[in-house]
């Protein structure tokens, strides 16, 4: 069978999805084939150009055409956050599976509506937290779950980049509109939170400190925009498991280009990852011989989940787009199987959003805030 | 227009090529599209299975069918070295372009025959030295060629892995047959030599020391095989430019999984790469402020050749397969343009092989050996 | 002139001080020479042995002998925290200068009494926060103060080791007695706080989360001890300058042996240190050429404060004891000059302690807590 | 008893020795105490100043005074290479023990004369190859000797710095005089060779390539000097054990400040050190669990030779001067014990020099050269 994909949006992430569909088809033995069928963008001309470039058969300037088209099996949403809800709800209503970029929604209330609609309609959903798909993430989770590092008592995660550091770069007003979500908390913080939940479990309480550092920026429209969204956040977190720690995010961290990482400490060891080195995990265990103790640098290889489909040789390295290809594989397998949604689905993204919202509220009130 | 690809071989590299054709088509705006048309393997059943898995439309158990098929534009050879010559010469004679995995041939004499045949026939050729395609390699070359590190006087390169370290692993007799080339000198040494030539230029003299460390191995056929090919080599090298240095290769280097790298020293700076971290280059220049001098760690990003087509964000990292996709892009552009072959072509691979042959001869005679 | 030293305590730190006095005398051109004169320990026999081993001329089993001895100029206290107050107040009353190991006191109230007594008596004081003496710390401070990384808006610091991770190691009851200070917050947290204050400035508010992970330990006396002090802490911090960030400490961080470090972010760059690599600082500035941006790895060298006295060649590295020797140099210079106490003095240690106390209170009450 | 030290020379190394004598006395429980007694330098005034600064009791402008002085037990020579022979032979003749900086002599013939004189006279000797004293070196040797990495078949070592890279720096004519030894081969190459011999064993054959890159330099005397000594060398080496590999040295390696290191490969593992990180060793063994294989980063700690005397806590790091202090400890123990010289003695330094000489000859003749 063939799954027909309808893509809305052809920017950074739209393009990344198109590449990933192609790569996933070549790398994995997918249960169904996928066809890049219909691409929607802001207008017909833009969509037509993008469709040619990204390998879609058809294009449209109206995303509703894609919802209405019975040929489309999966609606793939890569537009700005603010538009996710309307598009996803329409797709769900039309009975289509929905694959949506992160963050799912500007806040938990919206994410909840989207989640409940999807669950009620019985369609499959997936959200693009691609770093969960890194074989190194799977390795970290396996090490934790197997007890190799004992009882885990703390987690320290962060996502830092520097793409908003230049105060003179022109910005699109929508991009920093608080209605889209709270700046870096939503954009990068959601990655860190999703990883924290994935490897440690639910977060039950947070105390966060959100800051706006650059409070005015010039816009692409020649005006000046007052900035109210968060540029940098640090939060204390408490997990349901009893583990504690911190989560941070910054888009002003000079020199950090892809610094999403975490350190997990247990009673018998610890592990550290930093996805600026996407294929590496450092592992320390307390069972080592005296005088020979040290952190071990593991390189991703065929012994780790999903790696071998890309390459049989260890240390040869996957790239950013390869994580997206694994995500596509999981999407297709999830859609084809009779069971649950692929992970992470809308509900998981809603849970992530609840943590994000709690961080924002905690910071506003300068208190610890529980996630009920 | 569409270029039709005929692939011979569906192992590690055959599969990597198939993935790369798919990814390259999605990532780059190729001048012609490519079609994975006909796949040949050792027998019809094997070929049929592989064709399905790798996305080829047709299959055959006889590679000559592929040569004879007028629909095929490019013959892509990923079989063991020993078979390259016969296949390539047949393809050349049939007027097809040839894309062949490295090393091109077991020795320079064979590589020369292949090169001259291709040049006489006027077909385009390319050889799969994929590490030349790394944006980091292009960056290294740009830094050297621009004079940023002054006059380059030395180069130290090596390729070390450990996949042959286990003396008890069963090996296929053909694999370690000296007629296929001299073990690691051919297999990994050729990568190091091709990089050395690419960033520094021609090598004119070598003094090499080749060793066989594990001199007996059990075969997949239940026998024991005496090993005569090289397990590890170190060589002193002299370049036409006057630069000097070393080139090494080992497939017994415990812990090294993809340790292909080099260090280049100039009168105004130096640079270091190690492709176990495929996206990094360390650069030191002598023009730094006192007290603020240091090696700078550059992460591949959109400012570097070919990166931006994969991702607009720096530090997000390409993987091994992405280098192969760049190679495919260069192949297609080279084939489509009226001009020269894409680089590196058969002639370049022949030049690499001459250095390899000189290393082997130098080691046999324990002397410096010139490349005439 | 000669400064006569009276040392109380001959354990880990007593010994480190003795080594440092010797090294400092050889490395630096001290304004006065120092003489290791009288050593006091728990009893006369122990003291006599230690004096011989550490190079002291005389010894005593009663530390009060040392206070009463008019020959002694500087009283050097390296006993457990709980004993600092009594000894320091006696020394101050006797008009002696006091050099005391960190943390100065179990809490800020005690530290305040000690500080005020010293200031009233007009004696010089110094506290052994040796990491402030690292040339790399001076370099970090110089980079920050010069504006090289712009306006600093965040700091993330921590000190993690793993020496308390083994739950079966026998502990001395006094060591984990809450009256000595709150476990790792006092022991390692004080290092992180002192560095934060040194490079960024006063901290005005904290929200901390202190945890006891291993809540029972066997004692050297054959009993089991319930543990109530902190094993691990994470805190949000706000500086008077407006900068914000985090400070953490753990003595259960498997694999971390000397992981005291910090990251400072500014509007024009950032810097990172980790004293498990005592001689390195990573610096990123935004003024770099496109395509050549990267973190620079600076190695301590003669261009940096105090390094050249140890070695004229860069990159040759100072060790832990060398930091202590720089501390001694600053102590002697501070005592000899007519002006202020050497830094950090009791008052600075008191300010550090106030932050520590605020962390503990914040954690107890689960709120932000101001340092008035 | 007390050993009285007579030091000749008070430059970089003279000063390092004085510091090391002080630190060693404080750190180690030496069998005899040492007294910095008499310092000789080029003239009386210089010597007097240096003696005060370095803590010597007496001084002289004529080194022969020191030889003639019956109070002196150990003559410590830190003058330029060219002067070692005369001074050492005089000291030996006077029945004194001799501690001499490396390289011992400008060539093996001289080193042999010095060695034979010392052995005939029955005095103890030691040469300052301080990196042999690094606890990390002892760890590497222990790992190799214990068989933990199996049969060692290759070694790759080098010492690279960049202190001669600036072609405009004024140089002292004697420094680059070929009669002092062949430039970097002698200066840094000797460190790499001594380490190679220490951890692997005797070298029996070499093929070297020595280059002069900067062939003219301005002198401190206002003239221009033609440079004929080696700036950079690479050599193939063969050990008596059957192991092979490379040794290199450069003083033009931009960015390298203390890059003395080596990689050792065996049939069951490998290890890597780089003394720009003096306290680290990376170890890989083949006995690791599948999916958990990786290089382990060992930090020097109390489990390793000589470390604990400096500090009981692991990862706290020794510095360059600490290695010299260990050397002094070995010197004193060697001199006091009735047995052999401390290692490395003159004979060992002579063996190192034979390898250096063979490299130079090999390069001159462009052939492999045996060490008979």
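For clarity, chains are labelled A, B, C and D in written order, and residue numbers in each chain start from 1.
One rule holds in what follows: a contact is a pair of C-beta atoms (placed from the backbone, for glycine too) under 8 Å apart; a residue touches a chain by one contact, two chains touch by 3 or more.
Computed from a prediction, not measured in an experiment: that's the story for all the values here.
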Per Cα centroids, the chain farthest from subunit D: A
Result of counting contacting C-beta pairs for C-D and B-C, higher pair: C-D
Subunit A and subunit D: spacing of chain centres that average the CA atoms, whole Å: 54
Centre distance in Å when subunit A and subunit C are each reduced to the mean of their C-alpha atoms: 41
Centroid distance [mean C-alpha coordinates] between subunit C and subunit B, Å: 54
Cα-centroid distance, subunit C relative to subunit D, in whole angstrom: 35
Per-residue overlap in subunit A, given as positions that touch at least 2 other chains: 256, 293-295, 299, 301
Subunit C-facing residues of subunit D, complex: 12, 16, 18-19, 21-23, 25-27, 29, 53-55, 161, 163, 256-258, 276-278, 299, 301, 310-322
Residues of subunit D defined as touching subunit A within the complex: 139, 283, 288, 290-299, 301, 303-304
Sites on subunit B touched by subunit D in the complex: 149, 153-154, 156, 165-167, 207-209, 211, 213-214, 232, 234-236, 238, 244-246, 248, 250, 252-256, 265-270, 284-286, 293-295, 366-368
